[in-house]
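We just call them A, B, C and D in the order they show up, numbering each chain from 1.
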Amino acid sequence: MLRFIDARCMLGERCIIREGDPNTKEAILELMDRCHIEKAIVYHAMARESELPAGNMALIGETAGDDRFIRQWCALPSYFGEYMSAEDFFDAMKQHHVTSMRLLPKTCGYSLRPHSIGKLMDLAAQCHMPVFIDLGTELTTDESYDLCKMYPEVDLVFGNSGYRENRRLGPILEQCPNFYLGTGNYVAHCGIKLFCEYYGAERLIFDTGLPTGSATAAVSLIGYAEISDEEKALIAHGNIERLLGEVRL
Amino acid sequence: MRFFDASCRLGRPAAFGEGMPWQTDEILEIMARCHIDGALAYHIVAREGETQDGNELLLREIAQIPQLQPQWCALPATYDEFLHADALRDAMKENGVRTLRIAPKSFAHSARPYAMKELMGFAAECRVPVFFDYGEAPCDELYEICHDYPDVSFVITNTAYALNRWLGPVLDACGNLYLGTGNYVPHRGLETFCKYYAADRLVFNTNLPTGSATAAVSLVCFADISKEEKELIAHGNIERLLGEVRL
Amino acid sequence: MRFIDARCQLGRRCVIRENEPVTKAEILELMDRCRIERAVAYHAIAKEGDVKAGNMELLKDTEGDSRFLRQWVALPHTFGEFMSVEELLKGMKENSVSSIRMFPKTHGYSLKPYALGKFMDAMAEHKIPVFMTYNELASEDALYAMLTDYPKVNFIISDVSYREERKLFPILEHCPNFHIGTGNYVVHGGVKTMCEYFGAERMIFDTGLPTGSAAAAVSLICFAEISEEEKTLIASGNLERMLSEVEL
Amino acid sequence: MDFRELVYGQKPFEGVFVFDVHGHIGFEQGSQLGPNDGESMVHTMDRMGVDGICVSFSPGIRGAWKRGNDQTKDTCKRLPGRVFGYAVPNPFHAECDLTPYFEEDLGFRGVKIHGNIQGETPENDPRYAHAFELANRLKLPVLFHAWMPYEVDRAADVASRYPDLNVIIGHGGLTFARDRAVAACKRYDNVFCDTAISSAPDGSIEWLVDKVGVEKVLYGSDMSFFDCIHTLGKLALAKLSDTDKEKILGLNAKKIFDL
């Protein structure tokens, strides 16, 4: 039986919700059970949408003693003394067993260039910590090439790719070994099979994008893909376990 | 405390709200009301299209007004439509012009070296401070322009409030960036700036007539910083920059 | 004076407005009326639909027709979608296709060397000119980056509009491989100024048929305040020289 | 009182009642502004002689509505008599109910509507009706974020349907929507404007007073996003009579806020 680890899930109360969506932790856990998703890397809705500092701390409270959730913090380069320095941020992540971080350049309005987030990314490279960022909402696919080239030592996991980016993704995958793609809504016809054929299953990371993405669709995308069981296992949990296993905080 | 306005605008705007003080005498009245002794002024005609004609019109309009010093708008000499470096130097020297204002987005030209090398080379060589509104080179473009021309002192104006996360890294990386305080209004904005980056990179300006001079002077007067820092911001820094100009 | 049009689209396009020419016959009638001898042609389906199918349709539509010089639309070969560079060159040779047109924005790919390095090296090696419209590029800085990333490739950029002079001037100054399609180059005195500052060699006559106006394009050159030699170079000389240099 | 002397003497606005009708506390997600907790806001208010302010907790508007209002409640409790609260409704959570915040004096004095950052919900959307009925019943002021002309019109529409509440058009009096704000102020008695804006030319407050009458203009500064200094300075140095300045600075607010 294929077991999954979800690399992109959001917990916590949100402003904009729709009736019927899995808006609570319980609803998300029920969906995870239903889809055999063993664990999920989670970040907090407040950290992404309204109040980054409080959101990161709320995540600790809401996942205390719950081994189904792997904690992820949203990062913010600190200038004018706004938030923790990069060093303090990594110390706090170590203290709270946070094993990955997420970048929000568009939502929080900061530059991805080394003069802005250089310290954060150097520390991520030192700790072998994977860094997560969404295509489309936070940066374009073209910009993801620049990001990979600016920080070659950092494993970068790009979620929310959608199905129209293959002509841009191809060359980036060829040139950037540290580019990993979330499979959540990578729903181009035979997309997973073609990807494995051309660029190998090691670069695909299963994710759902809960609560706004569909977990059932995401697991089916992998379950029914015309690829070998070993490849399915790598995508479903193997690759993310390797990435997280390398983290040395 | 004496104020010197590092950047305000003269001339009739195409569109303006009733009550906006665009007439030169209205601007002078506000300056007097706000204890602003002098100002660097550029002309709207130069800023909105006819650059060289607007610059000359400015000279005629402020000839009899000692408080106002000319600030010229400038752009690359595409098809010789603007002065080349040498001619610009002579004209500025002759007319007492010591600062330039660029507007890459509004004037529809690139800010990268392949397009602005000659103009910025002149500004670097003669230590002429170059002004531009933040909207003309926002976010990463601000870093690029400061990084591409390290020897030119850039003063950004009309910044409003939403730029600190972009501004901080560039202030760290590039020593040639100065901030016009006109409507830089984050809560305790000047105090935080002075704490992390020092007052000698703040230059008082009003952005008249679109910006409010009364607000601008209040921001400095009531700032929770030392008197020396206020003096530097109010006129010290711009006087130093202008003193370094070698035409 | 002999005119050769460097930008003509054949084939049934998606959006057709009343009175616009559509069929090849209608386009030929306009070319005769404006004394345009021949035209470099690409197919509408290659732009709007399936690129490979469109390129094949072009071969059928121009079978045995000396009025049209064949031009293929190219794509990067990602996920095995298009043709490898070798297959493309072989196909061009067999079907006497002498130039390439690209739509980076419409077809959604990057122009940077990491994506098109190999492809552009082949264009440079075989001296194949690459045609593009200005709106397919993100900005003037993107155009400058492309021209400097591939200095040995001749680029013909058309439909540059009349507001871009200050952006194009420094690029023309720094990039000898940058040529402008004159079809919609309606800046007042634009052709004359360009000849004065950069020489007539930098301009290639084109019309943008069937949506562009052939009559306007021809008049722009005929009435330009430049010498007859310069007019001839623009009308056909430059293009003929460029196409004669292609080595397939 | 020589207001001009205040500015150049760098003296706080003592001897005049100053009440800020447009305040924010809490983290600003989209850009870094300044210190945004209640205490640092009151520190600046002490320096400037501002007696009181009515605030909403911004992350609660674009995030968890209950946490937001609770944060405002806690701040009002910690700083009684200086910081008052706007309760903020949420159009997506059916269980949202603001009445508990008004059952006893927890410092709440009004309701804040900020539709454009709550999924572009129209300001007069029926899902906000429960908040308008509450405000109408308790005769509360309702502050609208109204930057665009259509937002000002929607605020006016609420004023027309709920005559007992007072609508404050936030920002609208000084932006390019100012003509709509003037029309609304003239048409309805229960519509007012505030002076909260980061950048408006000198002469704009004088223009607004001239068009709608000084009784309709309330001092607001968007503090602690922005510093209140520049709006206070703009008012102090404006070409208005001292009595007009005193009305705008706080006397007008006293009439519609239960202070």
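Here is the rule we go by: contacts are C-beta pairs under 8 Å (C-beta built on N, C-alpha and C of every residue); 3 or more make two chains touch, one makes a residue touch a chain.
Source: prediction; values computed, not measured.
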{"item": "Busiest interface, counted in C-beta pairs", "value": "B-D"}
{"item": "Centroid distance [mean C-alpha coordinates] between subunit D and subunit C, Å", "value": "58"}
{"item": "Centre-of-Cα separation between subunit D and subunit B, whole angstrom", "value": "33"}
{"item": "Rounded Å distance, subunit A centre to subunit D centre (Cα mean)", "value": "39"}
{"item": "Distance from subunit C to subunit A - Cα centre to Cα centre, in angstrom", "value": "43"}
{"item": "Contacts with two or more other chains, residues of subunit D listed in rising order", "value": "30-32"}
{"item": "Two or more partner chains touched - positions in subunit B", "value": "162, 164-165, 168, 192"}
{"item": "Residue numbers of subunit A (touch at least two other chains)", "value": "79-80, 82, 108-109"}
{"item": "Chain contact topology (line, ring, star, complete or other)", "value": "other"}
{"item": "Chains that touch, pairwise", "value": "A-B, A-C, A-D, B-C, B-D"}
{"item": "Sites on subunit B touched by subunit D in the complex", "value": "1, 17-21, 30, 33-35, 158, 160-165, 168, 183, 185-189, 192, 207-219, 221-224"}
{"item": "Complex contact set, residues of subunit B against subunit C", "value": "75-76, 78-79, 107-110, 112, 114-115"}
{"item": "Touching residues on subunit B, where the partner in the complex is subunit A", "value": "139-140, 143, 162, 164-170, 172-173, 192-193, 195-196"}
{"item": "Partner subunit D, residues of subunit A touching it in the complex", "value": "12-18, 45-46, 49-54, 79-80, 82, 107-109"}
{"item": "Complex contact set, residues of subunit D against subunit A", "value": "26-27, 29-32, 58-67, 90, 92-93, 118-119"}
